[in-house]
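Labels for the chains are A, B and C, by order of writing; each one numbers its residues from 1.
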């Protein structure tokens, strides 16, 4: 089509507005955090990472995220297969419900879990406590909160892929004598592999960064239930350069993990043409 | 093919939601026509029935029972207690601020999100792929880190010389930051799939570029923009983490709904917390229904 | 002259799409731009419409120099292969779009839309969405939409290319009738020689960015000036260094004047038609000649595999001398329609 001067001006103006907007909202602030972390050089950052509280917080975060992702993966694959391959009453409702955790405020998630699993007043928590299982203010609660907020991510990736591949290959495998399990392992799983990995990376990123829900169910006690994000909050609110550098260091590492996850995801995703 | 509204197949992927982690194009409105093609579902076998049972038990324990508990707790002390909890001036102020700011932020996102999606799809320049990653950062960044990030440019030691920490501007910025990707990522795939020929057809029929945008492109994007706006609104009203360090959580000034819930929990006033939480939950449910309706309408055009 | 194209050239990067095209199209005429894909015919159509800008040359529409005019100011109706329907608008909304853009009064638009929908037999679908129409109906809607603005010329880019064979035939007969009714200067692009021969008043054969030949369908079929036009417009076979149409070959089981001797190598009956591969005695290494005749003729002459025969072109048969060794063989003509020489279909 004819590209007149007016169109070129519009295009440049739009481009500059968008870049400017992103610069002020995302790029510059993120760059500043990186700069602040290393404002006193590398040594204070390394010192911060040597603190036992920091090491503990990251270990707790990693193990909670690990278990949440394991649970979400098993649950996600199962639910996705059920939603796509089977019909049953209430399928549509379930399909809508599994997206619910994405829309619920983390604070509401925390409150909901406390109401049911609190050892003091919870619906189920009291019996569980008597059976010797503490959920709230303990790692199981952290894992549940983390699993809750990242629950739909694997499912959302798998459902479209399962639709896409259809059932012909599976039926072919069955007709050639493969058992249900063999068909799943040899045909279905390889076909959904990338969607699954993608969903797992997404869940992991989301799990490592969860804050609000975990804050409520964990209590945030240092060296016991304090995760990395809770540590950032606590240290930032305390006085002193060391605390501030520690907060920035932990935040920087969390941001770094997030960006790495983002890059992995972007490179995994089959590249879609983004221009005409 | 003639779409037959109401079949189960069409209900497969009702919410064109970008994931809350990092962004993606899959599952967007543009993929719907592909999803409807697979007609292969069978009824349950004993093993899959068992699987469904286990999945439902876990889903109930983790999601359904706790969320029900919130509603039960909110109504436990009766309607009058519920209204009292909601109509306390401090709660009202928090709700007003949350919803007002969320509406404002959503409006900004409708314009900027569409503009960003437009530039990402239609414009061509070096570093565009970098912008793609930048769009997703608010999804991937832990919310507490997001607060820290915004503080560094708009807080006390701002290189811009502004100090918006502990003001309502901070609330606005935090909402804007965390909701950035929603409209971009719902509009982008639809814009990509928009046939270029449709615009050429409009031009050959005498429409200027602006008219073509207004009469052809914008209506095609409208469902995606609406979905993105609903998601963005929903995300904004539930935001908590990024505000903790940024907004100061001053009652009657910068305290939002989720912060209000948090302080109620910390004060062991669970009924009050549940009352406010129930509002957020209802809004979340409404958004899910709205998205389902939109995706059904869109299926008619496919 | 309704459209005057002078010296139009266009290249995409280092690919030459069009090389200095000169072409005049008369008012009220139905012209086909025919050629293989990638030959430049669609590019030429898009340049006429203003959807593509030519690197050189000029385009004049109804006496107005349109070279620098954008598409929306040319008043041409354009129909796309894949309909380019406005999905969010009803059928009536689609058809009325151009008039709405021109800010015509609502009543006038409604009346004109009604009239056009009747013309394309879609009146009962006025309130449907394009998604609820079949491909053929969508294309008729697109046609009505293009006609609504009373264009000075109507341009159609492979208008039936996305449709099923049956619908395609139906629709092209209908297009011919519609043109006889409406009489708007029409140019359509096609790679289907049968479509062009069936519908057009005049055919412009375009290949590799150049016009090969222009003329009425019969003239092009009977008097092709090049091997390309000869083989693109219909079936061909090779005999005595010439391209000739297989149905233009006389065949007898006895010698006759100037006939070439051979033997039937393959006897293949397709419905009413019989296709013979004749291996010529004079050059056993050459690909066999293809002869087509009716079943009745074949039966009368007792033709069958292995029978010795004599063949020659009938009087007045169109023939083109082969200058370069053509990659044609009876085999490829008969069996592989997608060969290097664009293949007509025997339907």
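What to note about this one:
The definition used in the following text is that contacts are C-beta pairs under 8 Å (C-beta built on N, C-alpha and C of every residue); 3 or more make two chains touch, one makes a residue touch a chain.
A quick note: this is a predicted structure, and the numbers were derived from the prediction, not measured.
Chain nearest the geometric middle of the protein is B, using mean C-alpha positions. When you average the Cα atoms of each chain and compare centres, the chain farthest from chain C turns out to be A. With A-B and B-C as the two chain pairs, more C-beta contacts join A-B.
Once the centre of each chain is set as its mean CA position, chain A and chain C turn out to be 57 Å apart. Averaged C-alpha coordinates give centres for chain A and chain B that are 16 Å from one another.
If each chain is reduced to the centroid of its CA atoms, chain B and chain C end up 52 Å from each other. Residue numbers of chain B whose C-beta contacts span two or more other chains: 200, 203.
With touch defined as above, residues shared between interfaces to two or more other chains in chain A number as follows: 1. Those residues of chain C in touch with two or more other chains are numbered 50-51, 70-71. Of all residues in chain B, those touching chain C in their complex are 2-3, 195, 197-198, 200-208, 211, 215-216, 219-220, 222, 300-302.
Chain C makes touch with chain B in their complex at residues 49-51, 70-78, 80, 82, 84-89, 97-98, 100-102, 129-132, 142, 145-146, 148-149. Contact residues on chain B toward chain A in their complex (touch as defined above): 8, 11-15, 17, 19-22, 24-27, 31, 34-35, 37-38, 40-44, 47-48, 51-52, 54-56, 58-59, 61-67, 69-70, 73, 112, 115-116, 118-125, 128, 131-138, 140-145, 148-150, 152-154, 159, 173, 176-177, 180, 188-189, 192, 196, 200, 203, 209, 231, 234-235, 237-241, 244-245, 257-259, 261-262, 265, 270, 273-274, 277, 280-281, 284-285, 287-288, 292.
Partner chain B is touched in their complex by these residues of chain A: 1, 7, 11, 14-15, 17-19, 21-22, 24-30, 32-33, 36, 71, 75, 78-79, 81-88, 91-92, 94-117, 121, 123-124, 144, 147-153, 156-157, 159-160, 163-164, 166-167, 180, 198, 202-203, 205-206, 208-212, 215-216, 229, 232-233, 236-237, 247-248, 251, 254-255, 258-259, 261-263, 265-266, 269, 272-276.
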